[in-house]
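The structures come next, written out as structure tokens.
In the two complexes below, subunit A is the common chain; its partner is subunit B in one and subunit C in the other.
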Partner chain A sequence: MAQATSPPEAPEVIDEARARRYSSDAAGLGRLRAGAFVAPALALIAVFLVFPALWVLYLGLTNYRLTGTAAAEPKLVGFDNFVKAVSDPAFWNSTWLTVQFVLGSAVIGQVVLGFTIAWLMRDRTGPLKRAVEGLVILAWILPSAVVSFLWVALLDRDGGTLQALLHLPGFAPLLDHPMLSIVVFNTWRGAAFSMMLYGAALGNVPPSHLESARLAGASGWQQLRDVVFPHIRGHILTNLLLISLWTFNDFTPFMLTAGGPDGQTEVLAVHVYKVALLGQELGYGAAVSTVILLINLVVAVFYLRLLRSKK
Partner chain B sequence: MAAIELRGLTKVYPGGVKALDSLDLAIPDGEFFALLGPSGCGKTTLLRTIAGLETATGGAVVIGDRDVTGVQPGARDIAMVFQDYALFPHMDVTDNIAYPLRIKKVGKADRQRKALEVGTRLGLDQLMDRRPGQLSGGQQQRVALARVMATQAKAFLFDEPLSNLDARLRLEARTFLKKLQRELGVTTVFVTHDQAEALAMADRMAVMEAGHIRQIGTPAEVFQRPANTFVAAFIGSTPMNLLDGTVRGDTLEVAGCKVPVPVSAEGLLVDGERIVYGVRPEYNTYSAEPAEGSLGGKVAIVENLGASHLVTLEVGDVLVQAVVPEGDEPELGVDGFATPRRDRALVYRDGELVSA
Partner chain C sequence: MTRFVLGRIGFYTLIAVLLAFFTIPLLWLAAAPFTSDPTYEVRVPDFTLDNFTAILEHPYALPSLLNSLVLAVGTALLVVLFAALAAYALSRVRLPGRDALLYALLLLSSIITGTAAMVPLFQLAVELNLIDSQLGLILILSGGLLPAAIFMLKDFMDSTPKSYEESARVFGASPLQIVRHVVVPLVRPGLATIAVWAVANVWGNFLMPYLLLSDVEKQPAAVIMYTLYTEGGQANLTLLSTFGLLYSVPVVLMYLFVSKKYGFRFHGGIKR
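== the complex of A and B ==
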């Protein structure tokens, strides 16, 4: 309305001012009102993410315990906790177990299983595809407590479903092959994410490229190597980054094996739980958590580097 | 190098679309064959079925003297250029051209030499280290051609390889492709929906409609003597005049005027029967005065075609078009007369050409 009544040269001025404003503030709300919109989200992030993270950093520097005098008045002990952590063989043992768990169940298990299902289902439609995808996704969305119970019921030495079906005396996978058990469990549980991600990625591979390779006589494996993988390289790396970090920090194995037997499945998440809550050494647990955070950062930087080095 | 023969080829897509309907076609060895037709008539399907990328629902595909109907695409000895060229973005030009050779387990040195040789022939020798993303559309097209040439396949299949190029480049590529095919002498099937392309390049061409071939012939035959009204209406830069008429003894009554029976239909018509009279605007002579056997009416539209004009006359309640040389174009609304060339006009009975 203002433009309609203003003299001919005025609109230019208004437009210029508006252009300047729009360049920094697309919604035209102004700083104050825009700030009011994001404030609730920022407050939540601060309270539930930033503060606990900083609190853990602080706790790691103290001798804070769950009970006793050190719980009432924790004292700063400098880097003692960190020194203790990196010189503790149990910590390195847990780290090694975690690496096995991540490589076995995420990098190999979930990626291979997820990709294989996505590849086999790529051209299919209809009930078979829906059934397979439905089952895989079901494993992913059920609560951890529920699926853990199902697997314990399946693998248990006395009265487990597998035992009842196969009648193998002394067959106790959770006791004899605990790491293999949690790797298989986590592969089964997490394959859905990779399957969906690769399913979407495969849809982006131009059919003519695959056909061109087929016309040249390329085998199934050659088509994967020469056409599919180069096309979905970014998806593969993003997928690896996400599931590596999730698996690294995953606590669910505890519900299957409780870290045992004899610490054979005490991955880092379980290790922290044991020292901080069962051992009551909150300060030490916080220090271990900080080291885990650093390892996570290294892994993330590694993948992001690979992603960026896209030629 | 081999001939291609299709026998009763049928393709029904899941969902019931009959894209090819019992189609017979024989393409001799070394021929440059164009497939032309409106969108959705089954050209791409035909090409893909020859390549083996679609399995035929019925009928047979024979390449050379081998029935390849059930053979995998990779074992058919056929190379195809896709509309989007399908160059692999992560490989450089050399690797792209040499890819089929690599699959055939040709040694690295040999295939690089071959890639350079073919690339040089297509003027790509300066670009051999680039990736497809660093090439222009025309260069990408030549890489796709080079890849096909390096395979030494028995036949080439092109699916609208020029449609991504701009108008100028298209003309150049057209000439280039034709010359190349001549030199190589490889049987080539070329899909296009640009009829100028088909007319200019092909040794022979087929016009398709809804899964059927409506006419096969040399471009000259198809242009001058369309076998039916579908082809007549489809072919030509300006559509043919197709006018309802009745046979009246030695003459035809068309749009209220009398025109002589065309040479091609002489002695083949029955007095009183209803026919369709066809004449291309290019074969209509325009005059401001009435002439023997002319169609007279009012000038309704004059369109500029560059070196000539397309004049549309209202003759009774039908429209008749004629091409008029530059400088001779009439004013709108004046009386005008179009005289069809008797040796070029055609007569259709029930949609099919009447001829001896």
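== the complex of A and C ==
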């Protein structure tokens, strides 16, 4: 600008600086006041989100307990808790159960069910679409304490609705197939998010592409594979990452089965609660929490990378 | 032709199965509160209102709904106020390290969950004497919701024109006046979205109040609901069904309101 032609004189520089500040800051806030505006939010985040996350890292290295001598004077024990976790079959059992839960209910259940509903409803309008979508969303928005109990009532051994419908005496899904029960439950509970995401994604697939595929004689599956999937690949990945993260951290299975019977549904979220707050081994619980944090971190960074590359 | 007919039949069978799958678990909530002596099995209700009289007499049921309301509204107000101020400043002023801060906020909100942080949050609450304190719980819940709220609101703020603020400034308005009288009216839909999102989040939250509130008089509906069905032998289905319905109705009303007013869909943001 001005500098390019001749060395600017002092007043001009000030004017320019002022103009720049003026245009980048419409309300004349200035950095100081802007900082004051941001401060309260950052203070809350620092105390109740960042500090606990850092604290959990430290706590995982101590032998802290809720009661007893280790409560008064916790000692640093280094990586003992992590060694203990890695050699504890209960920890691996929980990890394996969590993998089953995430794969079964999120990656397979919610994605397939959500996509199927979105695909079936793609060119429809009217009451049928509203009814289906409304019900699916209802399952998603009701409080978890309520839906958990609805499923307890549905699956109950003595006279649950499912048993009354199927006439199977002695059929006790929550006792005989607890993992399958919470997988089906969570599929039911969370399909709405995938449905809405794929609904929006399918709206972006150009109808002309589908039309020409149809004219060229492509079957329904071929249309899906060659026209639809390439268009919504980004949405699928976004969806997978988000629902995996949420399902991985979900505490709702606890309300359905409390981790039982015999720890058969003790996913990591429930495992932490049991060892740390019921078993009072805060240090060891914190070490397991650290593992959860790290897994979350990996998934989240992957997701943010993806978002950024899209932009 | 037969192929078309078969396709139709297949389509409607699939729809029927889906509708059944999503409806059957919900039937109980619709029927049992109006049935005398409800069991686990769904029966045709006889439309009694006795169950509602019973829940009115329960010492903790209605107060717990009030507790939920206090927690939800308190958190929503705090989150909207703090997030709006922060998002506005971050949107209009290039503070040093702003982009890194936003990135960190987004990362934090997704990795630090109640599950991962339950041990230190419990301990922190013990140390700060915030066990059994509703205010403490509101602060903790707000801290968890704020990063995502700031991020979403900044998007809203970025898309509003700055010219109004500039003209308000020419007429000598102070920054706080500009925020109150110019910016807030412009981003009202964004603020409403955040408020509804925060209320819905807190209304359904079970883990944090379950960990941090042991006084039954302060517990919100989520915890009372859970204690109703696990406490002592036989679950009282009269109370449970009716309470579950009362606890669910506000969420459904809020959903209907939002979908009527804004349309309950994804635009921008998440889809990309």
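Assume the second predicted complex is superposed on the first by the 270 of 311 C-alpha atoms of A that agree within 3 Å, B and C clash if a C-alpha of one lies under 4 Å from a C-alpha of the other, contacts with A are read in each partner's own complex, and residues count from 1 in each chain.
Throughout what follows, a residue touches a chain if its C-beta (ideal position, glycine included) is under 8 Å from a C-beta of that chain, and two chains touch if they have at least 3 such contacts.
As the structure is a prediction and not an experimental result, all values here were calculated from the model.
Q: Using the superposition on subunit A, decide if subunit B and subunit C clash or fit.
A: With subunit A aligned, subunit B clears subunit C, so fit.
Q: Scan A:149 for contacts with subunit B and subunit C and give back first, second, both or neither.
A: Second partner only, subunit C.
Q: Using the superposition on chain A described above, determine whether A:90 touches subunit B (first), subunit C (second), both, or neither.
A: A:90 contacts neither subunit B nor subunit C.
Q: Regarding the shared-chain residue A:206, is it in contact with subunit B (first), subunit C (second), both, or neither?
A: After superposition on chain A, A:206 lies in contact with subunit B alone.
Q: Kindly classify A:278 by the partners it touches after superposition: subunit B alone (first), subunit C alone (second), both, or neither?
A: Neither partner.
Q: What is the C-alpha-centre angle with subunit A at the apex and subunit B, subunit C at the ends, nearest 10 degrees?
A: So the C-alpha centres give an angle of 90 degrees.
Q: I'd like to know which partner A:215 touches here: subunit B for first, subunit C for second, both or neither.
A: first
Q: Considering only the touch criterion stated at the top, classify A:76 as touching first (subunit B), second (subunit C), both, or neither.
A: Neither: A:76 stays clear of subunit B and subunit C.
Q: Could you figure out whether subunit B or subunit C reaches more residues of subunit A?
A: C
Q: Nearest approach of subunit B to subunit C by C-alpha atoms in the superposition, in Å, rounded to an integer.
A: Minimum over all C-alpha pairs: 9 Å.
Q: Of all the subunit A residues, which ones make contact with subunit B and with subunit C?
A: Comparing the two interfaces on subunit A, one with subunit B and one with subunit C, the shared residues are 311.
Q: Please name which positions on subunit B make contact with subunit A in the complex.
A: The contact residues of subunit B facing subunit A are 51-53, 72-76, 78-80, 82-84, 86, 88-90, 99-100, 103-104, 151.
Q: Please name which positions on subunit C make contact with subunit A in the complex.
A: So the residues of subunit C touching subunit A come out as 11, 14-15, 18-19, 21-29, 32, 39-42, 78, 82-83, 85-86, 88-90, 92-95, 103, 105-108, 110-124, 139-140, 142-144, 146-147, 150, 162-163, 165-166, 168-169, 175, 178-179, 182-183, 200, 203-204, 206-207, 211, 221-223, 225-226, 229-230, 237, 240, 244, 247-248, 251-252, 255, 264-267, 270-272.
Q: Under the definition above, what is the set of subunit A residues touching subunit B in their complex?
A: Contact set of subunit A toward subunit B: 206, 208-209, 211-218, 222, 226-227, 230-231, 311.
Q: Taking the complex as given, what residues does subunit A use to touch subunit C?
A: So the residues of subunit A in touch with subunit C come to 22, 24-31, 33-35, 37-38, 40-42, 44-45, 47-53, 55-56, 59, 116-117, 120, 128, 131-132, 135-139, 141-154, 156, 158-162, 164-165, 188, 196-197, 199-201, 234-235, 238, 245, 249-252, 255, 258, 268-269, 272-273, 276-277, 282, 285-286, 289, 292-293, 296-297, 299-301, 303-304, 307, 310-311.
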